[in-house]
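Both complexes below contain subunit A, partnered by subunit B and then by subunit C.
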Partner chain A sequence: MGHIWEFEAPARVLSHASAVGREEFLGPLGSLFDYHDESDRFGAKTWEKAEGALGATVFNLALGRAGLSHTAIDLLLAGDLQNQCVASSGGLSVFGVPYLGLYGACSTFVEGLLVSALALNAAQPLSRVAVVTTSHNCAAERQFRLPLEYGGQRTPTAQWTATAGGCLLLERGRQGVCLTAGMAGRMVDGGVSDAANMGAAMAPAAADSLVRWFRESGESPTDYDAIITGDLGQEGSEILSDLLAMKGLSLSDRHRDCGVLLYDRARQDVHAGGSGCGCCASVTAALFLPQLLRGEMRRVLLMATGALMSPTSVQQGGSIVGIAPIVRMEVLEK
Partner chain B sequence: MGHIWEFEAPARVLSHASAVGREEFLGPLGSLFDYHDESDRFGAKTWEKAEGALGATVFNLALGRAGLSHTAIDLLLAGDLQNQCVASSGGLSVFGVPYLGLYGACSTFVEGLLVSALALNAAQPLSRVAVVTTSHNCAAERQFRLPLEYGGQRTPTAQWTATAGGCLLLERGRQGVCLTAGMAGRMVDGGVSDAANMGAAMAPAAADSLVRWFRESGESPTDYDAIITGDLGQEGSEILSDLLAMKGLSLSDRHRDCGVLLYDRARQDVHAGGSGCGCCASVTAALFLPQLLRGEMRRVLLMATGALMSPTSVQQGGSIVGIAPIVRMEVLEK
Partner chain C sequence: MTDKQAYLQYVNRRAARSPVLRNCAAAFWVGGSICLGGQLLRALYRALGASPDAAGTLVSITLVFFSALATGLGIFDTIARYAGAGTLLPITGFANAVVSPAIDTKSEGFVLGVGAKIFTVAGPVLLYGTAASVLYGLIYWVYVLFS
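Showing the complex of A and B:
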């Protein structure tokens, strides 16, 4: 139980794309994203549909970069934070690509990469897979917290759901940036029931996954150019560091958190940092993947973190369960 | 795009379990379920948590039938209809089994079987996988429609979300009841926006999947002992038959729908029949799998159907997107 999955046939990244809203464009990574919409609306009339359109945008951009039609994709793996994942189904149904919907909260992007690697290692006629995840600040705020018009005060530990999406296209192959191993996360209930402190809720699961990874692999964090986490934010990153220290593990200077990187916390009012299914996806597609493609990094661990909760479960006094799946991405040369 | 996946290493069903609420126990299949709770509460204080407890119940029952501890399970695939799938995370986190959350609406059970077959065909150390899906009538009614206390009138095409859950444990192997092939569904938007007619919303996706299956395989429905659909209900089953007839395909006497079978529609007030993630899962585990194990059937197609929508997407005038993944289950002898 809880082993690392080594992929005998690695899944290679064929193409990638990212798109964001205005606030993310104004952050330190702004110029790296393939597309941004100043209005955050992506041509749609509601925030919910805007998120669907954002997913379609990154899928189209990734197809375009690869010079492929959607008919060349055998399987689409997607997910989002909206109730019943309707951003993914609403935005992507038009393509008619065979679909498996995923739900891992903000960890869905790495969950998608894991399933895509399983799929490309498994069934013979399956040759190309797309992973798409999105989030939208305005859709998430009114679903999980309060309508924007209310102007509610946010706590210092609160994170800012990113208006962002990312897509990776993957195929069988062992050249270029490849997924060579992965591990599913275990659901860890750290007893946190504060829905305005997702970092604290997710950090125990992140620590659990990293401890299991390094114990089983015998590797150390310095064997990697970066240990990337999805959206622990400032609060969750500090808690992760403390939890790992108790287990004698230090990520030292290798740790990068997409939620911390996405915004300039001194200048932008995002409190503990970014979050959402699109945070890790967009930052991976815009920042880390190009660094791997350019050879500036050779080997990274990508671990997204998710908080498995709903407003109802929190109102009923339930604690927030964290989860943190991992994939190893490395540059392979033929 | 849209091919059948033939599983070179079939996934064999190692164990199974089902559990239901009172209404399902009073139906024609009542005596076949492993467990039922007269109160529908499964020991929990809220309907939402009751669904989580129901998931834990079927997982425990399936483990018990196999004589296994949960530590023998490498991967848990689960999903439900609650917002952010909190029935699955809330009920199953306690086991600490590596987890991938799925969302395919009422098609989630077959989606889980597909991913389990991919996983067992792929990564070497992955040897045993569990699939758990659940639904709860009272949790679904107040989330999707109206609180029970309101006593709302239901339309004739409405279906009854089953209080039910099912679990299958699978391992690598080619003896006994095995998953030998599968196909992911495509999202099909038939233009139906009536949330009280899920059968009509899902039937076009069901027809799309079956037409693709029989076209590619060259098989005919009579090559199977049964073509099982998840929860089209009476309305959706009739529409499926009409849609297939337009394509020159007839399921003749092979069609069985779990939603039609679960209740006695003449005696129970369920209108068009059962639905929910637990409908197909519980009926498969309680009725069809034992028939395969006893040799009364040798080869079936199991196609679950899902309606990808949320109350918000319906309120915003969106149509309901259907999806229908398929697995082939057959008895293999060593």
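Showing the complex of A and C:
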């Protein structure tokens, strides 16, 4: 029995969009995003609503790029970092599209892609599905850490929640960039309870997923143009490399981490790199998907990483459980 | 390294430490400058005719005012990111700890937002500071009683 799902009908990426805030726009990928808001407000009065507006923005942009109306979407899969996923429901309820709210912390984007592939592979499948995930630095800081204007210092392993969102529209099809297989992650508790070192908390789950993937599929990392991780950051990426080496696996030059790519760590005060549901989604939609569409890459493994915790669980000294679902994206010719 | 403890040891060993010496130096000169500023303010208030007690209180009020203003203008956290304990330890840090949640929670209303959450950061200092002063008072009282 295996854990990898090979999709009978590949899910084809129909359209994509990304949007970010100011800090992300100032990063090395800044010009690649479809939209940015210098004020981080996205036209909303509160940070929480701003995240909802960010989700609506990327959904609208993706629809616009495909020339579709929201009524053409049969299912909306969305998630964010706020309690009870209120950014997604608050921002996307106006569209009236059937909705499933998802929570996988920062792994939600790939969780959404996996569920979308399921919906498109049902006996009587849906025709078009949208996946939207967002995170907002200010909303996350307020919920998980300290007030925004509080003056304090952070440790070098801490990560910066990205103000970012991404959306993919998918349909059944086997031409272009397609999701062809996927695998759910196992919840791995590495024992790390330091919320300022989420890279270390998530790396064991990432290693577990990759080891299982390559063992079961018989593939090797060199079969891919890139193995993309969501937001391990610099610290988590190095730990992943160490953990995989112990299992005799090396990603060599194939590894890319969205959290590391999103900012210039030397110039921007983001410590170990970016994190958040919107980090993986925006970088995938702005950087990797266009590379696949242009044929610069043919086959990638996308693995988002999540740290499953709440402020209460951390304060009570509980360890942070990591999760890392995987999806394979490849360019298919007709 | 399959077991949790070995992994935690590995994680703690490799995690980069905060630059303690640099932080101490920054805290020393920024914190020292704030204290020097306080001392100069005190001399100013004294020169303007305030009693020693009143001058001390006026210095605190002035420092709290400017910290609150800097917090509201979004400058305080930028300075504090560099200065660390230098801005945290003087009364400036306390002012920031009260004002920053007040700004943050305004969107949740003045009762359940600002009213209920204004002391989320400063609360421990208020509670244990007050408790410690009561304890100190008791000890002092017993000491005076027997001496």
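The rule we apply is simple: the second predicted complex is superposed on the first by the 330 of 334 C-alpha atoms of A that agree within 3 Å, B and C clash if a C-alpha of one lies under 4 Å from a C-alpha of the other, contacts with A are read in each partner's own complex, and residues count from 1 in each chain.
Note that a residue touches a chain if its C-beta (ideal position, glycine included) is under 8 Å from a C-beta of that chain, and two chains touch if they have at least 3 such contacts.
Everything numeric here is computed off the predicted structure, so don't read it as measured data.
Peer 1: May I ask you to name which of subunit B and subunit C touches more residues of subunit A?
Peer 2: B
Peer 1: Is A:Q268 touching anything from subunit B or subunit C once the two structures are fitted on A? First, second, both or neither.
Peer 2: The answer is neither, since A:Q268 touches no partner chain.
Peer 1: Applying the document's definition of touch, where does A:P98 land relative to subunit B and subunit C: first, second, both, or neither?
Peer 2: first
Peer 1: Identify the partner contact of A:S217: answer first if only subunit B is touched, second if only subunit C is, both if each is, neither if none is.
Peer 2: Touch status of A:S217: no partner.
Peer 1: Identify the partner contact of A:M183: answer first if only subunit B is touched, second if only subunit C is, both if each is, neither if none is.
Peer 2: First partner only, subunit B.
Peer 1: A:N60 in the overlay: touching subunit B, subunit C, both, or neither? Say first, second, both or neither.
Peer 2: Neither partner.
Peer 1: Check the residue A:Q291 against both partner chains and state whether it touches subunit B (first), subunit C (second), both, or neither.
Peer 2: In the superposed model, A:Q291 contacts neither subunit B nor subunit C.
Peer 1: Check whether A:M246 is in contact with subunit B, with subunit C, with both or with neither, and answer first, second, both or neither.
Peer 2: second
Peer 1: Just to be sure I read the superposition right, which of the two partners does A:N197 touch: subunit B = first, subunit C = second, or both, or neither?
Peer 2: Second partner only, subunit C.
Peer 1: Residues on subunit A in contact with subunit B in one complex and with subunit C in the other?
Peer 2: 46, 48, 189
Peer 1: Within their complex, state which residues of subunit B touch subunit A.
Peer 2: Touch list, subunit B to subunit A: 1-8, 46, 48-49, 70-75, 79, 81-86, 89-90, 92-94, 96-105, 111, 114-115, 117-119, 121-126, 143, 182-189, 308-313, 316, 318, 321, 323, 325.
Peer 1: Using the touch rule from the top, collect the residues of subunit A that touch subunit C in their complex.
Peer 2: It is residues 45-48, 142, 146-153, 155-157, 189-192, 197, 200, 204, 235, 238-239, 242-243, 246, 269 of subunit A that touch subunit C.
Peer 1: Give every residue of subunit C touching subunit A within the complex, in rising order.
Peer 2: Per the touch definition, subunit C meets subunit A at residues 1, 4-5, 7-8, 10-11, 14-18, 23, 71-72, 74, 76-77, 79-81, 83-84, 87-88, 93, 96-97, 99-101, 103-105, 107, 120-121.
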